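As structure tokens, the structure follows; a few thoughts come after it.
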Amino acid sequence: MDTFEKEFEVRDYELDIQGIVNNAVYNNYFEHTRHAFLKSCGLNFSQMHDEGLDAVVIKMETEYKAPLQSGHHFVCTLKAEPEGRLKIVFFQEILKLPERKLMTKSRVTVACVKNNRPVEPVEIREKMGLSL
Amino acid sequence: MDTFEKEFEVRDYELDIQGIVNNAVYNNYFEHTRHAFLKSCGLNFSQMHDEGLDAVVIKMETEYKAPLQSGHHFVCTLKAEPEGRLKIVFFQEILKLPERKLMTKSRVTVACVKNNRPVEPVEIREKMGLSL
Amino acid sequence: MDTFEKEFEVRDYELDIQGIVNNAVYNNYFEHTRHAFLKSCGLNFSQMHDEGLDAVVIKMETEYKAPLQSGHHFVCTLKAEPEGRLKIVFFQEILKLPERKLMTKSRVTVACVKNNRPVEPVEIREKMGLSL
Amino acid sequence: MDTFEKEFEVRDYELDIQGIVNNAVYNNYFEHTRHAFLKSCGLNFSQMHDEGLDAVVIKMETEYKAPLQSGHHFVCTLKAEPEGRLKIVFFQEILKLPERKLMTKSRVTVACVKNNRPVEPVEIREKMGLSL
């Protein structure tokens, strides 16, 4: 798959007392980008939930390399890969514009749950164009 | 050092459409526990910032094992260890009460910055009772 | 009814770049206090939603008198009154401890919705001990 | 002045368990729009703070008319007016696209503080093109 990208700008309420984007907010950026990617594949997170299928994050490994600050524009990127039959891994980066400087990167592992039980994301994988 | 603990309850605005605490919110729990720990050591995050010394998270490795839901009470635990001269690692867990079931765990690496340059957290390490 | 109270402490991630609690966060404090009050009346916001009954805020009038800052402890108070057949009004205040200094006050109007239609909150009013 | 507008889309982490945008999040939308407006006038919230001048919200009167949901696109509008010598009032609306349906409106009163004392926002008023 090609790398998916979504553009953002820092909002001042996302800054903390240090004048930098709080580390929890990056999870928000990463999630919004994943959901936008789902949508671009014809999948809808909110609708999936209504149909009883929940994609849940089970692991995040995040490196904060340089802090986003007030006024910064950036893209959040995403590349997906299957991990075994049950998981999908998203490699995500936050690149400050215009120079595309790497600010933060994360490896996000997601599993799917239907009626509280693990389920193989066959249709999701297909729509994302991923093969085992 | 002994394990430090802070008690919390889930607040409904922390839940997302799936009815579980959003993954970003755990970063908030972990952070608030670290700052409470700092305070218990005679350190003050907000005051440190005013004096030009910022502790910043440079890495988080988080495993989400079971989701917190509406009404849950839990403790967030913390154990600190130095990593080399420049970093401190916090091992943090979220344990649902009353059974202390492990819900989430994180390994949080923090570095200190003074006037935008890395600085050895000598006084912080001392006040935390950590030795190299 | 007696005034209901819930105790809080400021968490540093709730501060913004000005070093004060961001105005949106007070809505969180007010909501969490309302939900705790519901619970004390034998009502459960999350369960109500699962049963198709949603209490939704339709108006908030908030005065910010003095800003909460890092380390502050406070109570959030609540008094409920019916407004006509369809609405309940919550008078809420945030009082900094220990001196109970008024920091913020809000008048929050809530309506109930079942299957997307307004519904008279008869049982809720009863459990809250409110009479028309 | 003309009405200022900023376009947004709902992010799923902004939804609560009811599947609608949590009422606190509207304050975030309103704030981000005010700061974007400041920027369009040659003012910078973050820089103003560094120079000791803080614009603080002292009152918000918000009506929630219809809830934003997953996938919604909307604009947040703003019109500013001075109120006496010391305050500026922002009339803000959230209009769902494409039909520009009114979802939420707020009247936000802001005062300026320098070194913790009220100060007349003369320069700010000028840059915003407001006259008494």
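First chain written, first letter: the chains are A, B, C and D, and each begins at residue 1.
Convention: a contact is a pair of C-beta atoms (placed from the backbone, for glycine too) under 8 Å apart; a residue touches a chain by one contact, two chains touch by 3 or more.
Predicted, not measured: the structure shown is a model, and the values here were computed from it.
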Chain whose mean Cα position lies farthest from chain D: B
Rotation angle superposing chain A onto its copy chain B by C-alpha atoms, nearest 5 degrees: 180
Where chain C and chain D are represented by their mean Cα positions, the distance between them in whole Å: 22
Centroid distance [mean C-alpha coordinates] between chain C and chain B, Å: 28
Shared interface positions of chain A, touching two or more other chains: 12-13, 15, 17, 19, 22, 24, 28, 31, 45-46, 70
In the complex with chain A, residue positions of chain D that touch it: 11-13, 15, 19, 28, 31-32, 35, 39, 44-46, 69-71
Touching residues (chain side chain B, partner chain A) in the complex: 17-18, 20, 22-25, 27-28, 31, 45-46, 49, 54, 56-65, 67
Sites on chain D touched by chain B in the complex: 12-13, 15-17, 19, 22, 24, 70
